[in-house]
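Quick one: this structure, given as structure tokens, is what I'll be asking you about.
Letters A, B, C and D mark the chains in the order given here, with residues in each chain numbered from 1 onward.
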């Protein structure tokens, strides 16, 4: 069981540089075994091409070390808050991918300008509020998780499996580490196209609710009709 | 006959990621056998590197399945409307390529700012009107085809073998699946350059009618003198 | 002799896609043997990876065919005018590279914003005036050459070995086909950086005459001290 | 000893094109042996793929040749001033990387818009003042070093290991040639994201002092907790 989780998490981490989402070690993927409440995550500061499956660190949902010789990602506490708060997610990815990070730095939520966005994110990808000095000086990584959780108080995290942390960078998630990577790729792509869209037309309009619904529901939920299986979320 | 069509459609689909036009499965190419009115198209949601020639789905011009075990692209109905409306086209490509999609999201037609554009598109590449809630909630993919057809009521689709669907993405076409791919590449290239052009000069002027004519007719029609054969449309 | 020229021209053409300067067949390089007044140029519309040395077409300085079974580039007449007008150049390159073409489409000369520009171009890279309907409808390619020549009436073409043809695309040249390619790469690079520069600061200033002189003369002329040989223009 | 230094400098130079930081020969890396006050640097104008370890030039801290048959980089004197002025640095990199150079051409310091910046640069990356005609016409490369030194009079060069030279391009440094390369990559990345940030939001705010402190100190100094070793500066 744990070996499978570690392998999936290792594969998810390996795919981040392949998709051009990370420079050096600036990104991490994790996964959770919901039955045993065990979380597997990238070790901190390790190069992707020097990382082996056995380097993946396993901790409990409270962050106690279960397996691994290396320090876990310094963002571990953010991942743990998200797993505790969003019971349906099973994989998380954090990157500093260029365009999504630029939106986060601009402090702007990412509007749904087109069907590419609507195919995966049901509405805008929110940018969190700024963190307070107390949150930053306190348990910073845990508070980052809390601010994300706060942002999703009224929003289903699986309908919008991504967030922009203000002045920082994106987190994405999904039903598996692989799906979290998938969403990280989509986010970067739509973040880039949205930037070009407002570059071309500062008054570009969001797509209509009807078109948003149509495209989102074409790929998600019981009436989905995209792909080879019903409910196929892969795209 | 059908095997050749399927192979050409498979090759056209394979070339989409090679040209950097698609992320994941976000694009599809089709072709038509005009003698037998059979359309071959990519299966829905399949990765390009897992797709074999035998996976290509064949349907009649009305969409009835002729050959194939997989679901056809969910955009099939759009392709079929275009084949029924534009009798001279024999290949269609749909992508979410970045720059063309950004223009579609901005709701703007692509003006002919230079000779690169004029070499392949005789005038601006139009952006469709927004679709109505009724069209979106109805037979959406078919209505997408109708809105494209409406856009070309007064325009020759082979003189401007591309369209931007408002809030969505581009479709291109040609006398073969390969030519439709070619036009998808050209469209993305001129969409990028046009964005940079207005970024540099918000009042950039379209090229003159004389220059548009000269470049378009240098490559097309009976007086063409580009390439190794007269009437060579390849570029 | 002719074999060497043809090989150099073939190599220059092959290097265009390697440097990311051309899409499909949208570019051509030529070279001249000044002793015998013979010009070698890419055949029209041929894919770079299907082109062999023996496909290179050789013509006289007046355009009469000397060697080759294929049609020469449709831009041949522009090249010939430049060889006849600028006696010191021995290689010419034409591309539709993205950023240089965007400046040409914007109808703007490329200002020297930094030392990268000054290292190779002694002052702004000029954009030609618009061509008249008569020039466009007449001997278009030859007139393109004349408009470039007119632009350089008061400017040394080897001090600024590049031009932007209004609404069209760049031409570059040099003391060999290889050097013309080199200048095409530099032009694209500085065109991109200049666009970003004015994107960051609409009032960005050109570099001072002193800095322009210092950098240009560091690499060119008898007091050059860059590289391993005096007068080394390679960079 | 010298062989190790030369190998490290050679490797640093080789990694510049691999990271996409240089076109042709437009960049150079150096390193210093602080015990013997010997500086190793790239030879001038040599292609990276034709450069061997034995081509690396070694000079004293005053620029006297110790080893090597080729001319050293024409930017040698700038490197030497920096080594003499900043006693803790042991590697320097100069490139004309696109985005950092565009900020330098815009004459703008690079503000810390996000945590990616704060992870490596403790505050804005300064742009130098313009150099005077006297400095440009005099010992230009040495004066470039003096202007950089002047810019860091009140700033710790290891806390902000990068500078933008006005109208020219960036220099970065670090505790080794490899770390200087690392900082050149980071600089280019944050320069690109900062440009996109102000493109999205002309009024984008710098990150707060608290967030800057938190991220910088997470990776640097005795309380660092990123990576596998305390004080790990690699990222």
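Keep in mind that, in the parts below, a contact is a pair of C-beta atoms (placed from the backbone, for glycine too) under 8 Å apart; a residue touches a chain by one contact, two chains touch by 3 or more.
No experiment lies behind these values; they were computed from the predicted model shown.
K.L.:
Between chain A and chain C, how many steps is the shortest route if every step has to go to a touching chain?
P.N.:
Contact-graph shortest path, chain A to chain C, evaluates to 2.
K.L.:
Quote the value, from 0 to 180 degrees and to the nearest 5, of the angle by which the CA atoms of chain A must be rotated to coincide with those of chain B.
P.N.:
Fitting chain A to chain B on C-alpha positions yields an angle of 90 degrees.
K.L.:
Between chain D and chain C, is it the same set of residue numbers doing the touching on each side, over half shared, or a different set?
P.N.:
different
K.L.:
Quick check for the class: compute each chain's Cα centroid; which one is farthest from the centroid of chain B?
P.N.:
Relative to chain B, the chain with the farthest C-alpha centre is D.
K.L.:
Roughly how many whole angstrom separate the Cα centroids of chain A and chain D?
P.N.:
Taking the mean C-alpha position of each chain, the two centres sit 33 Å apart.
K.L.:
Residues of chain B that contact two or more other chains, please.
P.N.:
In chain B, the residues touching two or more other chains are 198-199.
K.L.:
By the touch definition up top, name every chain pair that qualifies.
P.N.:
Listed by label, chains in contact pair as A-B, A-D, B-C, C-D.
K.L.:
Okay, in this complex, where on chain C does chain B touch?
P.N.:
By the definition above, chain C touches chain B via 23-26, 43-46, 70-71, 74, 96, 98-99, 101-108, 130-131, 133, 136-137, 140, 167-169, 195, 198-199.
K.L.:
If we count contacts the way the header does, which residues on chain B are in touch with chain C in the complex?
P.N.:
Residues 113-116, 182, 185-186, 189, 192-194, 196-201, 204-205, 207-208, 210-211, 214, 218, 225-228, 232, 234-235.
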